[in-house]
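Shared between the two complexes below is subunit A, which pairs with subunit B and subunit C, respectively.
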Partner chain A sequence: MTPTDIAPLVPAGASPTGSPQRLWRQLHRNPKTLVGMIILVPIVLVAIFAPWLTPYPYDAIYVGDVLGAPTSEHWLGTDLNGRDLLSRLIIGTRVVVGVPLAVGLLTLVIGVPIGLLAGYLRGVVDGVLMRVVDVFLSFPWLLVALGLAAVLGAGLSTVIVTLVVVYWPQVARVTRNSVMAVSESEYVTAAAAIGEPRSSIVLRYVLRNAYFPILVLLSSMLAFSILNEAGISFLGFGIQSPQTSWGLELAAGSTYLTAAPHLVIFPGLAIVLVVLGMNMFADGLGDLLNRQGRER
Partner chain B sequence: MSTDERPTLVVEDLSVEILGHGHPVTRVSFAVDRGEMVGIVGESGSGKSMTLRSMSGLLPFGVRARVDGSVTVAGTEVVGGSRERQRHPRVGGRAAFGYVFQEPLAALNPGFTIRRHLLEAMRPHGLLGSRGDRHERLVAALEEVRLPDPERVLRSHPHELSGGMRQRVVIALALLGRPHVLLADEPTTALDVTVAAEVLDLVQALQRSHALATVLVSHDLSLVAERCDRVIVMRAGEIVESASAQDIMRSPQHPYTQALLAATVDPFDPTLSRTQPEGGASPVLLSAEHLSVSYSRRRRGAQPVKAVDDVDVRVAAGEVLGVVGESGSGKSSLAKALAGMQSTSAGAVRLGDRLVTTAHRDRSWLTGDVQMVFQDPYSSLNPRMAVGSAIQRALAIHQPMLDGRARSCAVHDLLDDVGLPRTFVSRFPQELSGGQRQRVVVARALAATPRVLLADEPTSALDVSVQAQILDLLRDLVDERGLGMLLITHDFAAVRAIADRVIVMHAGRIVEAAAVDALITSPQHPYTRRLLDSVPSASRAGRPHDQEAS
Partner chain C sequence: MTIAVLRRLGIGALTLWVVSILVFLIIHHLPGDPISVLLRQYATPETRAALEAYWGLDQPLLDQYVAWMGRLLQGDFGTSITSNLQVSDILAERLPRTMVLMLGGLLIALLIAVPGGMLAASRRGSLADHGLTTGSLVLQAQPEFWIGSLLVLVFGVRLAWFPTSGYVDFADDPLDWLAHSVMPMVTIAVVSAGLLLRTVRASMVTELQQDHVMLARSNGVAGWRIIGLHAGRNALAPTITVVGLQVGILMSGAVITERVFGYPGMGLTLVNSLIARDYPVVQTGILVFAGLFILTNTVVDIVSMWIDPRARAKLQGGR
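Moving on to the complex of A and B:
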């Protein structure tokens, strides 16, 4: 027997926690992320092919059918102006998918570099950047929406700018903390010892190990941004008719709650469903993160 | 003698099954009588800690495990029953077990004073008693573990105490329930060697005075053989051998025990003398003169702490220089300063003939000539970088003229050099064992074509059998490539195994410098002598330790 036999061996074929294949497999196996994906993937597909899926043009008016209940012609009924609700909800998925996408991308572009600088350089840089973050964190989203609507006017861009202003500081803060924790690791010291230049240390060693908490924050943030979009449009600062979003439909329907409850029920259900999907996904991703932390 | 026929602790056919993850412990049986100390030795994953934990109902939270078999303490069965009963098994008005943990800082709540710890531990045993004499009893509990100034200790938080004091507190907590059995799981692994010896002396004294049945778990065969009456060797969840300490050391029966024993270096073994080519011709690669490193304190006006104080070091080609000292002796600061990762406050560092010292953290002068091997291979490799890319990064920086093909050839050569299969290029660190990871760390350091290696406790995170392999690898590399190496360690066995000369550091200064043999056979400085006396030695197995001091 050679002494090497004594060394514990990891089962062959186990791929590392970092590889995309492994992540994909983990996402499949976790029931929460699986359910989340089952809900979200069809919604994304609907958003992409929306114009071909709508039974009627979303802004076509059917004069005889104002506030009509669901029928075999109009599956989800019609709205105040006699427009087909199903078609409007299908078109609305583009906002539901597009707003989080834009918000997510922009917050990453702003938040991650700032968090990275603060967390890696520390000291004065950290102090200054984090005070800026604190200031932004103290804005309530409603107030930001109100102010921006006054400057930019109501519309899709207002929704997106509002949410970016509200969410980038969270991304920056989480990035900074994660980067700080990872920077303490010995492999970062080891990288410096073999002479890695700073930029390479930051990208190859720090960011590569620090991104997971950011991913989890992002996924729960996207769920909130769907709700926030609905809220802002509901209040009238967001998407304007005849354009549509689920929040806007909900707002329009709320006036006729007793006369045409379907106008509130269906958009409401749609919002609940997608937020549920997002949250399940985020939750599952968080579980994966915790398990990964333990494995290390 | 016990009134019972049976020994105090009887373990029969104890098995632990972690649901879905196999059997970490399989049919383990042994017995310990009162006043007896039995050692369990094994490497990581051998199931030694799991045995202890399953006996005392301390399996980790969230683990779905099934414990089978029988554990009796003073004739009473303690396995089975409710989780709550398992956690505080009581026999005859006393706790069945007292448990001493490996890392005292982790075993104590940082937010509680020691007083509160003791009170919390008394509550489940119903020992709180009347308020009147409570304070006296707390003081008595601390005096029992020979803690000086118990009044002050009671008021302290764990971070205000030294490692040895903390472990004494943990022992005091374990003794509060007047246990029948004391379970000590690597109680001294986190401690300095002199402190460890004191703590073990204490455990032995308490075991005798309280007639405790004691189980001492350790990875260190010498330590167990020196302290215990009987030794149990575990591997992969099973007992492979069980015998008296002398028998284990003199005539181990099982091949695994023999391999373990062969890997255990006894620093006092006279046959280990190195015959070194004493030419003096080899050029000095790295030297430091009057080197000092000091850390400024946060508080304004406070004197800076001198971690390294006026130290001279010389490393020649083909030479391994051991640097021995306890924690806080400045040995790691010295290593960092020599590697250019720590600013120095005074003195000069020379690389060959070149004066390179810098008072700031500028590593540009190094050009890879000095490379480090880190203590913990589990944290010194980027978990998201495959072995091949980790080595390639170092090649890309230090040998930029290599093209892609030449570079992957170089990676293969380096893997050959450190004894790893070439297929490892695509492996990630978490797929490797500790010893394999440490080889990768060595390969990465070699990729920078260093002239001097600084190894900072390169083996202390590894299993005994792997330690010997890594040390041999380092020695071979030094010999073949004519490198100089600084081996920074607290472990005399490692120094004895591969070093040529040793310096002993204490409080930032070098107290003694000599050839290894001379230092170990005839230490001059009293501190060196104290260090050496504390080293557990297999050649002293079976002898009571307290006579050793004279």
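Moving on to the complex of A and C:
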């Protein structure tokens, strides 16, 4: 089981029934998901329009402004090479949004089918697949990162592969538990009794009703993966300069902590804000899930 | 019970074995084989062949694995390429430092999380509860390298209460050792404290709704006795399980924290060895950390089976 093993904390089964509109209504009525969205939506917008929002090119060097404190020209100051920190942080949102997005998609593509197979077929298939999951869960995330950095070298792809290796087993396990809970419900038994083919039962009834716990897991996974990416980049095995990531900026700044504390404080605050937003959203979703569970 | 414990030990051993195969394969598919790293431009076909024969690299992969495992089991972890020290000596010196750091971090996290979680659960829905739950979300969002840097900035540089980096052996000067260890331990504790507080709160909330707690309450048992004894004991098992899961977070946190504070533990050694491509150290470091993690989780599962019969049933019936 891993450090960031949040799977056991996610209850199985019980998806909110009803339309997407109803889910949306619940999302912005819950104060936690609402605050989460208020933080996250602007970040996503900034990431999309990043190149048009930066006051300066992110890699342009302003000689004479090395390690400059915040001024009216450079709102967040400049870094070791005299590059505008605000522009670098704005471009960095693309990593903050892109990495979790890629990791989320890939873990779903790998984890959900495996979880479906295990949860629906049960028996030997379930036993074998879950042992594989257990083995994968027994790597602390940073060890995976260091091991893969040794093989693949440092870089963006190493970060993504690491996080997929770390998180797919959790998706598989939650999917499996969720599918097991749903397959026991009467409508699935009924569908099987009237001779619906297995594949159509899985897709039409099981997956449709088992998705919510996966969504809850996914949202807290995304928060962790932002922290993980920043950590790997901080150690120097993630994103490489002149490319930028908030963790990398913080790492570069930490060498000049006394001379230029702004280089650590602003990237750090940015990371904390986004992760907090994602955590709030995940927590609110979890509340919704628990409430649904009780109503059933 | 015995069967369940044996079963759990078996799973642990199996996992460790699979991990050893993975680590072995990873090291064998590294770009730049150890010989090129070692010989650099001096590699001639003759010296290469001689070294390959010396290290057994010309043997079939399976034979190499068996030989490697054999050496490992005898405590022979090889020699560091960069420092020429025995890897086992490096481990013996540095691993305990990292483990002390992790334990200290865990202790601080528990000191925050257990009272905080119990308070939040006992006053559910109150201002204190909301404050503590939100606070724990804020703690969970803090990267170790950022907390560490802030501590250095405030308590190391501005206030100059603690040294900003380095290490002093406990045997040489216990007080100085403590001064060097406080900030790294607090850094490691922060994220775990947030997660643990929520776990303690959640399991206390569940326990406080149980019939036996209601009964105790209606019999006039004092509030603190209910929280500490009746509900607290049952809420312990899920908390211990999560503590087991936390070992991975603590471990990853320790590696990053050691880098922030220049703390010469196994984590910093692992990172530096990776940068220097000192593969014997990297290989052993990863294997030892993974082994430690698997061992802790095995022990944690067995302990929680011992405390809570429900966990026992769960393990016997599979997951």
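Observations on the model:
Note that in this section the second predicted complex is superposed on the first by the 280 of 296 C-alpha atoms of A that agree within 3 Å, B and C clash if a C-alpha of one lies under 4 Å from a C-alpha of the other, contacts with A are read in each partner's own complex, and residues count from 1 in each chain.
Rule of thumb we're sticking to: a residue touches a chain if its C-beta (ideal position, glycine included) is under 8 Å from a C-beta of that chain, and two chains touch if they have at least 3 such contacts.
Only a predicted model underlies this, so the values are computations on that prediction, with no experimental measurement involved.
By the touch criterion defined above, A:Arg204 lies against subunit B but remains apart from subunit C after alignment on the C-alpha atoms of chain A.
Legend: residue contacts after superposition of the two complexes on their common chain; A:Thr189 is shown touching subunit B, with no touch to subunit C.
Contacts of A:Tyr120 after superposition on the shared chain: neither subunit B nor subunit C is touched. When the shared chain is aligned, no partner comes close enough to touch A:Trp168: not subunit B, not subunit C. Looking at the shared chain after the overlay, A:Tyr58 reaches neither subunit B nor subunit C. Once chain A of one complex is fitted onto chain A of the other, the partner contacts of A:Ser138 are limited to subunit C, with no touch recorded for subunit B.
Applying the stated contact rule after C-alpha superposition, one finds that A:Phe234 touches subunit C and leaves subunit B untouched.
Between subunit B and subunit C, the partner in contact with more residues of subunit A is C. Legend: residue contacts after superposition of the two complexes on their common chain; A:Val264 is shown touching subunit C, with no touch to subunit B. In the superposition on the C-alpha atoms of chain A, the part of subunit A touched by subunit B in one complex and by subunit C in the other spans residues 1, 3-4, 8-9.
The touching residues of subunit C, counted against subunit A in their complex, run 11, 14-15, 18-19, 23, 26-27, 29-31, 137-138, 140-146, 149-150, 152-153, 157, 199, 202, 241, 244-252, 255-256, 259-260, 270-271, 274-275, 279, 282, 286, 289-290, 293-294, 297, 318-319. On the subunit A side of its complex with subunit C, the touching residues are 1-5, 8-9, 127, 130-131, 134-135, 138-143, 146-147, 149-151, 153, 223, 227, 230-231, 234-237, 247, 250-251, 254, 257-258, 261, 264-265, 267-268, 271-273, 275-276, 279-280, 283.
Here subunit A touches subunit B in the complex through residues 1, 3-4, 6-10, 14-19, 185-187, 189-197, 200, 204-205, 208-209, 295-296, going by the rule given at the top. The touching residues of subunit B, counted against subunit A in their complex, run 43-45, 235, 255-256, 259, 263, 339, 341, 363, 366-368, 371-372, 374-376, 379-386, 393-394, 397-398, 428-436, 441, 444-445, 447-448, 463, 465-466, 468-469.
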